[in-house]
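Chain nomenclature is as follows: A, B and C, assigned in order of appearance, with residue numbering initiated at 1 for each chain independently.
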Amino acid sequence: MALNVKIDTFEGPFDLLFHLIEKNQIDIYDIPIAELTEQYLDYIDKITENQLDLASEFLVMAATLLSIKSKMLLPSMPKQDVESELAVAEDDGVDPRRELMQKLLEYKKFKEIAMLLKKKEEKEELVFKKPPEDLSSMWTDDIPLAEITFEDLKSAFKSVMGKKKPEEKVSKITKDPMPLSRKVIEVYQKLRQKSKIFFSRLFDKKTPKLEIITTFLAVLELVKMKRINAVQEEQFGEIVLTCREV
Amino acid sequence: MELQEAMGIIEGVLFTSGNPVSIDEIAKALNTSRELVLECVKQLEIEYNKPCHGIMISKVGNSIRLTTKPDIFPHIEKIFKPKVRSQLSKAALETLAIVMFKQPITKAEIESIRGVNCEKALSTLLEKNLICEKGRLSVPGRPILYATTDECLDYFGLESIDDISID
Amino acid sequence: MELQEAMGIIEGVLFTSGNPVSIDEIAKALNTSRELVLECVKQLEIEYNKPCHGIMISKVGNSIRLTTKPDIFPHIEKIFKPKVRSQLSKAALETLAIVMFKQPITKAEIESIRGVNCEKALSTLLEKNLICEKGRLSVPGRPILYATTDECLDYFGLESIDDISID
């Protein structure tokens, strides 16, 4: 088996599966799952430990393949009568490979489109187009401007500004944020004064992201130190901080 | 209308537009049949094939437009500022293909089709203005929905997404 | 370089530019003499004189450009006039939006945002008294600054300029 192909040349587990399917001329509609799983695992073995980040997605697929393989090994249920057969067809009767097959077929479709796009891109790169002629002098009558609202103006402005080519990125260099220890003291003092405060009030719109993170860490630290309580009623809701009696 | 005259008008129309013009629109404006327009296009193609011409007709779906010939690319590039276009990576192309046909779509949905993280590919495509954010899905987390831009069609010389067929 | 080949490149260059290109610049880019370029232009003119072509070369000082032939203008107008109408009203809307949120602003600044000529749109907005001239910028050329009129604010139900926000 040619194992000189490095794992990171594949776009993902589906890409690798495809490589194996094409190499072995496997019929997607009737995948020899045991054989494919074995070959897939051979590739996965090539992933060294320091590539674990990359590996996780490949490992999920390995688990899926093994699960399908084990399902295939189970004896199929004996069919007693038509009624139970129908009930079974909904669930256990389905080929365990079906879901994988559907996903592979869908992925294959987009892989092919991507290749088509690549060809179009290469072709387009070698030709120049012409800007449209300015024809505004062709129109001598009144230009209709009826029925526009302030909202129309706003959205026109937003879209025209959005179309502008992104300017060179200027990255901001911010001061070192307040050290965590000082932030802990600051947050605790604020809470001692007010006894109850919303987390969002601990910073404003201008506060750099890093400082917000430090503030959040300070809150966690204070909770751990059992100095404050933090309650969030719903997902993405406000976090209410209260001071605990010491 | 005579063939020669119609050819001249079609050339003028394509030149003026710069963008693709549909065959039907041309036929309607010339008050003639689609067949005659197609015949003119064929004759113009023969004409442009001569080395003394640097332009050609490209077909984009049901439309046609004029572009320069690929073989004079180096000369034109020399006069105008060189095209700086780094080609899209395989990951970016796959991601874009999915956005094209499934738009509007969330990052999670794209990732479930590709089976891998698409963070980097999406940010490349956003940066190149080939896709844009198009609202948010009203489910917990309110994930961003992505769609292709008009610039995307232009980038690939497509009139519409239907020009890329999937079956 | 062969004459035929040079003709093709010159056609491609003029096509890509849309605007006039100087003879000297072309000669330099083609690494050839001014005389050869002029000979090519002459040959191209003969070529374009055939009725099957709708474009021609116009000379502007020491530069040349491609334009459509005047006799096909009625056809061009028929196909593009409806588009011009919607283009112009879009241009007027966008221009007004830019003046509204960026006032006072010069024509050059508006054009750099929109990427296209705004002459016509500005004159329409001035005519309709939605914008007015509000002094000049103290830079060379002293370009006119544009701002919205009270009538315009009134039209959109705004009390004063302070109410204008994009949120």
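Here is the rule we go by: a contact is a pair of C-beta atoms (placed from the backbone, for glycine too) under 8 Å apart; a residue touches a chain by one contact, two chains touch by 3 or more.
Only a predicted model underlies this, so the values are computations on that prediction, with no experimental measurement involved.
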Innermost chain, taking as reference the mean of every protein Cα atom displayed: B
More contacts between chains, A-B or A-C: A-B
Where chain B and chain C are represented by their mean Cα positions, the distance between them in whole Å: 23
Whole-Å separation of chain centres (CA-atom averages), chain A against chain C: 43
Length of the line joining the C-alpha centres of chain A and chain B, rounded to whole Å: 28
Touching two or more other chains - residues of chain B: 15-18, 66, 68-69, 76, 80
Touching two or more other chains - residue numbers and ranges from chain A: 128-131, 133, 135
Residue ranges of chain B in contact with chain A within the complex: 15-19, 58, 65-70, 73, 76, 80, 83, 85, 87-88, 90-91, 93-94, 96-98, 100-101, 113-117, 127, 129, 132, 140, 155-158, 164, 166
Interface residues, chain A side, partner chain B - complex: 11-15, 57, 61, 103, 106-107, 109-118, 120-133, 135, 162, 165-166, 235
Residues of chain C that touch chain B when the two form their complex: 2, 4-5, 7-13, 15-18, 21, 25-26, 29-30, 43-44, 47, 50-55, 66, 68-69, 72, 75-76, 78-80
Touch list for chain A against partner chain C, complex: 128-131, 133-139, 143-145, 148-150, 152-154, 156-158, 160-161, 163-164
